[in-house]
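In this document, chain identifiers A, B, C, D, E, F, G and H correspond to the written order of the chains, with residue numbering beginning at 1 in each.
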Amino acid sequence: MKTKDILQKYKEGEIDLSEALSMLPKSGIEELGFATIDTDRQRRTGLPEVIYATGKTVEQVRQIALRMHQKGIDILATRATHEMYTAIKNDIPQAEFNELAGCISYRKSKEYTDKGYIGIIAAGTSDMPVAEEAAVTAEFLGNRVEKVYDVGVAGIHRLFNKLDLIRSARVLIVVAGMEGALASVVGGLVHIPVIGVPTSIGYGANFQGLSALLSMLNSCASGVSVVNIDNGFGAACQASLINKL
Amino acid sequence: MKTKDILQKYKEGEIDLSEALSMLPKSGIEELGFATIDTDRQRRTGLPEVIYATGKTVEQVRQIALRMHQKGIDILATRATHEMYTAIKNDIPQAEFNELAGCISYRKSKEYTDKGYIGIIAAGTSDMPVAEEAAVTAEFLGNRVEKVYDVGVAGIHRLFNKLDLIRSARVLIVVAGMEGALASVVGGLVHIPVIGVPTSIGYGANFQGLSALLSMLNSCASGVSVVNIDNGFGAACQASLINKL
Amino acid sequence: MKTKDILQKYKEGEIDLSEALSMLPKSGIEELGFATIDTDRQRRTGLPEVIYATGKTVEQVRQIALRMHQKGIDILATRATHEMYTAIKNDIPQAEFNELAGCISYRKSKEYTDKGYIGIIAAGTSDMPVAEEAAVTAEFLGNRVEKVYDVGVAGIHRLFNKLDLIRSARVLIVVAGMEGALASVVGGLVHIPVIGVPTSIGYGANFQGLSALLSMLNSCASGVSVVNIDNGFGAACQASLINKL
Amino acid sequence: MKTKDILQKYKEGEIDLSEALSMLPKSGIEELGFATIDTDRQRRTGLPEVIYATGKTVEQVRQIALRMHQKGIDILATRATHEMYTAIKNDIPQAEFNELAGCISYRKSKEYTDKGYIGIIAAGTSDMPVAEEAAVTAEFLGNRVEKVYDVGVAGIHRLFNKLDLIRSARVLIVVAGMEGALASVVGGLVHIPVIGVPTSIGYGANFQGLSALLSMLNSCASGVSVVNIDNGFGAACQASLINKL
Amino acid sequence: MKTKDILQKYKEGEIDLSEALSMLPKSGIEELGFATIDTDRQRRTGLPEVIYATGKTVEQVRQIALRMHQKGIDILATRATHEMYTAIKNDIPQAEFNELAGCISYRKSKEYTDKGYIGIIAAGTSDMPVAEEAAVTAEFLGNRVEKVYDVGVAGIHRLFNKLDLIRSARVLIVVAGMEGALASVVGGLVHIPVIGVPTSIGYGANFQGLSALLSMLNSCASGVSVVNIDNGFGAACQASLINKL
Amino acid sequence: MKTKDILQKYKEGEIDLSEALSMLPKSGIEELGFATIDTDRQRRTGLPEVIYATGKTVEQVRQIALRMHQKGIDILATRATHEMYTAIKNDIPQAEFNELAGCISYRKSKEYTDKGYIGIIAAGTSDMPVAEEAAVTAEFLGNRVEKVYDVGVAGIHRLFNKLDLIRSARVLIVVAGMEGALASVVGGLVHIPVIGVPTSIGYGANFQGLSALLSMLNSCASGVSVVNIDNGFGAACQASLINKL
Amino acid sequence: MKTKDILQKYKEGEIDLSEALSMLPKSGIEELGFATIDTDRQRRTGLPEVIYATGKTVEQVRQIALRMHQKGIDILATRATHEMYTAIKNDIPQAEFNELAGCISYRKSKEYTDKGYIGIIAAGTSDMPVAEEAAVTAEFLGNRVEKVYDVGVAGIHRLFNKLDLIRSARVLIVVAGMEGALASVVGGLVHIPVIGVPTSIGYGANFQGLSALLSMLNSCASGVSVVNIDNGFGAACQASLINKL
Amino acid sequence: MKTKDILQKYKEGEIDLSEALSMLPKSGIEELGFATIDTDRQRRTGLPEVIYATGKTVEQVRQIALRMHQKGIDILATRATHEMYTAIKNDIPQAEFNELAGCISYRKSKEYTDKGYIGIIAAGTSDMPVAEEAAVTAEFLGNRVEKVYDVGVAGIHRLFNKLDLIRSARVLIVVAGMEGALASVVGGLVHIPVIGVPTSIGYGANFQGLSALLSMLNSCASGVSVVNIDNGFGAACQASLINKL
């Protein structure tokens, strides 16, 4: 059926909206059999398709990366292993690997938005892998980043010493495990949006990050929102959307 | 005591129903010492006895499979390892192994019901092992299957592109991890039964599939029911019963 | 913009699928300000729009019911109170109220599908409100219903006495609180689909129905799927879709 | 001790930072005995002090409101009752009450930022109180608001019909209970930040909003962050900070 | 079909066991429409049918009690209200009501087993309703009872003072809320079976009895088993079965 | 048996330790039938017997109070109602009632230990009932108290303004709901023991205080221990033991 | 101080009960530095000291076993490894190892109580390790055991076929994972005590045995009590105490 | 800007407190890039900076230790491995390793406070690693320690035998897994502060220490507070602060 006819039928109520949709010619999709790459996502959501490597084989990650590369799409693979990086580097030698963050990335452009920078604050040394995942992602999405690490609330003067840098950001990502109090304290000191990332750092009644997650969700500071435990990537995505407003 | 006498006593109220039952001659059971095969299950429930391999040794799985094979029962072993497959193949060379699904199967007949097909929809590449377990099981039970993979709600147009195929099934299995929203979205677009299979794919506040499970149980689409996390097998069993109505 | 132009733009890739959609003329929606009635749902999903009364005021329920009535749509309001019924009856005198189920219903046609009947099994007297919600809904959707109540597993012979009636259904809804074992036991005795409805009946470690919910999700009988705690309505929706296949 | 001397001691390391702080003259605080009003919060965080009425007596709410009013601070009381409103109206006749939202508000200026508007999307009629709390708060903070209500994923075409309005916002608040899938679906269709507000609407395995909360935290759409269950206020605070960037 | 023919068919494998069962004449059941009284339970399980009043109307409780009374069955209704008692007393004037326990009971025989007594130990005054439910039930089932109340572990010498009485029982029921430690301490001092009843007494991290439940399940004393939170009735049932061995 | 003989038997191993104990003459116990008052507790644990009123009737509370009064024991009843206070005041006119704290108290001596004072810090106005329960208890136990209320971390300068008073205490009780971050922040600023009291203040993912509880248990400040949610009484008991060292 | 003097002081109230106790000569304890063997436990509780091997080193297990052996105490080590068995066998060659159960045992006497036998019923093959732990323990404690394995409720006729054997036991242990329904079904068919042992067998919403645990705690059959997940040992301890009554 | 000017501006209200703070000269901080050592913590909180080794690499731990050593700060690393110890010993040969506790420590002074000792009580052999972590920490902080191990409540006379030693401490740490009852029992026998440390020892419904944690939080003994599961370190920190009062 021709596009015109589909539309006509829809207009006359013979078919409904989703039937019309399913009849229209496809675009923005790249089929791999085991994966359907959403090549149109960047244009639609402002965020490109990204490879979440957990639960995928080395070979699957390699193939998706390669196909994206051939289509001219920038590559970011999170939760990736060194073995995956080695497999990809053969085909895409410029790809980089941040071991601490577990991120493989390749970005053609080296330019960053001049809107301002994203501040990434981490409570402890153990929270660094998540903070680095956020940093790699934010830079991949074209943002400049300033990092303020190991400034947990047990020694709150460490935080105050960096307050200038923190307050000059356009948006903040606060990464903290254990009791996650840092998000509330920072939220009470600034007037920019704060995105909390609870981490699974801790033990016992931490329950793999539940403690910090609940803490941040119940923050008494009003401008704080939260992403999933250990989700540095997601925090950076939202921070990038905000920074580019 | 003779069957007639047992019945007489029951009729007169001397013994109760379950006592009568326990005295009657046995059938439909095959004793292995460590296992009691329910050879009558197919006739009673429409679903044959199946081997759930987790927590069983390779040798136990091999013996149950062999005994079933000798009794002329088709074989399906789920959550099986390659090692188990190798052990079984010696005795039953026609047995097949789907590595991704972790399923060993052997079915004498190659025929399928002509009632229609079961549609299996998976949200992401990482959900494929569970979707494949459902597919292997559905085919083992004599159903044709159509697969629609990697159509999660973050790029909902991928789903619309397959809407024809989806709507033409007699029953749908929707496999999704993370937030499990796909079951609700599909349920709102079709008028056939939808069985949701939450998967343990995700991390952090996913809590090993709890997130997708709760999401599907609370679906705002009314025709959706749910099976256990990662239970592709169970979903296929119910889908088969429905498809054969 | 004209429909033709929208289509043209979509075809040439200037706008994407969802943009095209949002520009097309609307249908199948009835705006009430505080509610957007989905008048097209029956045709799209095989299940009509239904009023879930919890959290709505008496006046809101009345207005939605009235507007649906004016549009010629059959009315079912679940979790409704007697006060809501009184308010609706003024405008729609034929509306009926099942007090135990908490359901207001009005259905023009009095016909039922001749495909077969839906069997509704309830473990205890206290589970009856949920079972009745399922029964009212199933009949509202045009199905005949057979009820088997108070046959919990603590006296399993009560169940066996009704086995004929149970086995002759096309699909079963099993409603049980406490340990919810009835769904597994029934699932092991029949070869038709079983939909389990855990109820919140019980106390202590029942945790408002969690016990029965987990029990049914982990059923060792393979043909059992589950809906939300106390969700007799949802079970009946799926059962109706199955019964009409 | 004089300010100069305090500083001198701090510089020489005799006292530490927090000792110095505690000796310095106070400002930005208004003591009520039972409450310490943070009169400086607006300047420091971009968000004024707000009265969270739960757990406070009518009299306490009245006194705090009055004192703030006397200091020239705008007033917003959330989770407030009609009784509290009556008590406040005596002293501040211009105060307004949004019954559905449970919010008392009084704002001197009637101007709004011309940066753009905040879109507030609610899945169902029952989610409206939370959505309205967000709307009242956003407007109180000087933002224009566009509302899109009752567009849950079970009838996804209702959402597409409003896509223009949704995509033209600078930031979105998505309010949804039950399975909370709406946040993911919206997040996959726009390229602006999305703040999810899970609501406690639902029953059974909803567990007072846990279902929607986990769903949104595990969203497969990358630009989504989340606030506490039913926290329309907090979502609006962050949205306002974003909108004013 | 005649009983003989049913049996014949079963023997020849034409029908299976459960089909045979469902065809046999019924007994031991009393139908009330909304309830199916298991009149045979006493003979089958050693415990008579008992009325669990929660979720039943006053009228339902009255009718079941009356029917049981007419059949000559002793009556015990747990979780009953004073209103239910008043309704029953009209028809069965000898019925008694233990207000603290919430139990209505009527037992023809006044005899008790001479095997020994059941000891019921309660940690605090607030645990008494549950302990009394156990006591009423145990006596209803024909056991003598000795009570030792308010001997929680915070003053452990109170327990030692009653050690003779405790050690002379044949089986013990230990009722405790809060941290439920009493079950472990008692279990370490006696060589008779101990049945723990966690109660919902406490607040905060007690989580309605979860604390005491987990505590008792993890008891370091080996001879302790546990029943549901606040389930004095169930504990007494098992204790009675043990006492009568 | 005489005390000498009991001892002799124990020495010779004929009876064990607990048997010996149970035979020895009793003391330090006052029997009320429904309660066993531990009159010796003060001497044994440094803390007197206290009445926890929840789950007790007005009459039970009155009788226990009276008996304690007759024995010359000071009286503290927590979680008490105004009705209980009225009942007690008849017999003990000097008894006082702190309505906010829900505490009835009567203490003969008006003296306080001169060791130092207990600091009680509360995050918000809504946390005051718990903080007051701690204050009443601490004073009842003979300690002086200094209160610092409404100094939550969203406006952390309010806390710094009271740092002198806080640092001069011998032990601190920190009462906070929502995310409970205050305990960590205070713990990082002082070198005295900090006892955290999470409160149930908050909503949604607060889960009745779970959020603050987990937060405090996972505090990154090392000198912090925690008591049950809303347990101001318990915190004051431990603080008193510490203050009197 | 002499025993006589201790007693005198206690009698005169100079020292309290527990002080007296702590001054009396010790017995029934064997110190190993890292462990304090309770050599008196058998006499006091009817159950001997048993080695729970988890979290102990091979060397610690060996030393405790050896010391017990030297004292003439029978040996049972649960959750033991083959390595531990090898280490013990050197010193105690008659020790036996049940690999499936993970139990090392050595018992001098070969006699069993003639009171009757303990029935151990297991739902599935995968539940056998826990059932065997119960069996080894029960025999170690001097009880005869009858085993009925692989009779889960999905094929309930398998259970009926063994009803004679089951009903002739003096006490039953029912071991079941997944939905744990077997305990309720068995409890409804017998009039002897039933001890349920939930196992961690299953996956997904089984939550490591939580499903079966809650199921058994909420059993609608009244004579069922429960022990910890996978605690075959504890079930056998209580069953032994009951069997020997 | 000069310190004087900063102060002036603050005084005049041009800048707020935290801005002033962030402008003042820094001290008490040692930057390592991946870590910010809080060299001032000892003076500020009475507890020195300590290395929590989990989630840190061997090299990171070595570098932090070395830098602290160079600054003259005593070293304690908890949750450390033997590999870390080997790496540190090269640079700091006097460092010691407690394998059971997983603690590396080096302390210049060998003196202990003469205030009294900290008693550390452990319920079972398996709880010893946590108890030892507490012991190493307490001694590192300059306290003498007395240990009472393997005195769980299942054999309560073992505890009574050590009552003198227990009662003579100035503060007690009670370490217990499983049901954690020991904390309550001890709390009821002494009049000094008790700090409970729940451990993750146990299985099944222990849920990795949740059982003991809830048990201790709900202790019916009033002078008990609690730290995180397995947190021997934190308990010792608070005990040290108390012991030095």
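Note that in this section a contact is a pair of C-beta atoms (placed from the backbone, for glycine too) under 8 Å apart; a residue touches a chain by one contact, two chains touch by 3 or more.
Please read these numbers as outputs of a predicted model, since none were measured by experiment.
Comparing the CA-atom centres of all chains against that of chain E, the greatest distance is found for A.
Look at the contact of chain A with chain F and you find the same residues on each copy: over half of the numbers used there are shared.
Summarising the inter-chain layout, the chain whose CA centre lies farthest from the centre of chain F is B.
By residue number, the contact pairs of A-B overlap by more than half with those of exactly one pair in E-G, A-F or A-H, and this pair is A-H.
Interface comparison, C-G versus A-H: the higher number of contacting C-beta pairs is recorded for C-G.
If each chain is reduced to the centroid of its CA atoms, chain B and chain E end up 39 Å from each other.
Centre-to-centre spacing of chain A and chain D amounts to 25 Å, using the average Cα coordinate of each chain.
Separating the centre of chain D from that of chain G, both taken as means of CA atoms, is a distance of 56 Å. Centroids built from CA atoms put chain H at 36 Å from chain G. In chain H, the positions touching at least two other chains are 16-18, 21, 28, 40, 44-45, 154-157, 160, 187-189, 204-206, 210, 213, 217-219, 221-222, 228-229. Chain C makes touch with chain E in their complex at residues 125-126, 128, 149-151, 154-155, 157-158, 160-164, 189, 201, 203-206.
Interface residues of chain H, counted against chain A in their complex, comprise 18-19, 21-23, 26, 28-29, 34-36, 38, 40-41, 44-45, 52, 54-56, 60, 198, 200, 208-210, 213, 228-231. Those residues of chain F that touch chain A in the shared complex are 123-124, 152-156, 178-181, 184-185, 187-189, 202, 204-207, 210-222.
Across the complex, chain G meets chain E through its residues 16-18, 44-47, 50, 156-157, 160, 170-171, 187-195, 213, 217-219, 221-229, 233-235, 237-238, 241-242, 245.
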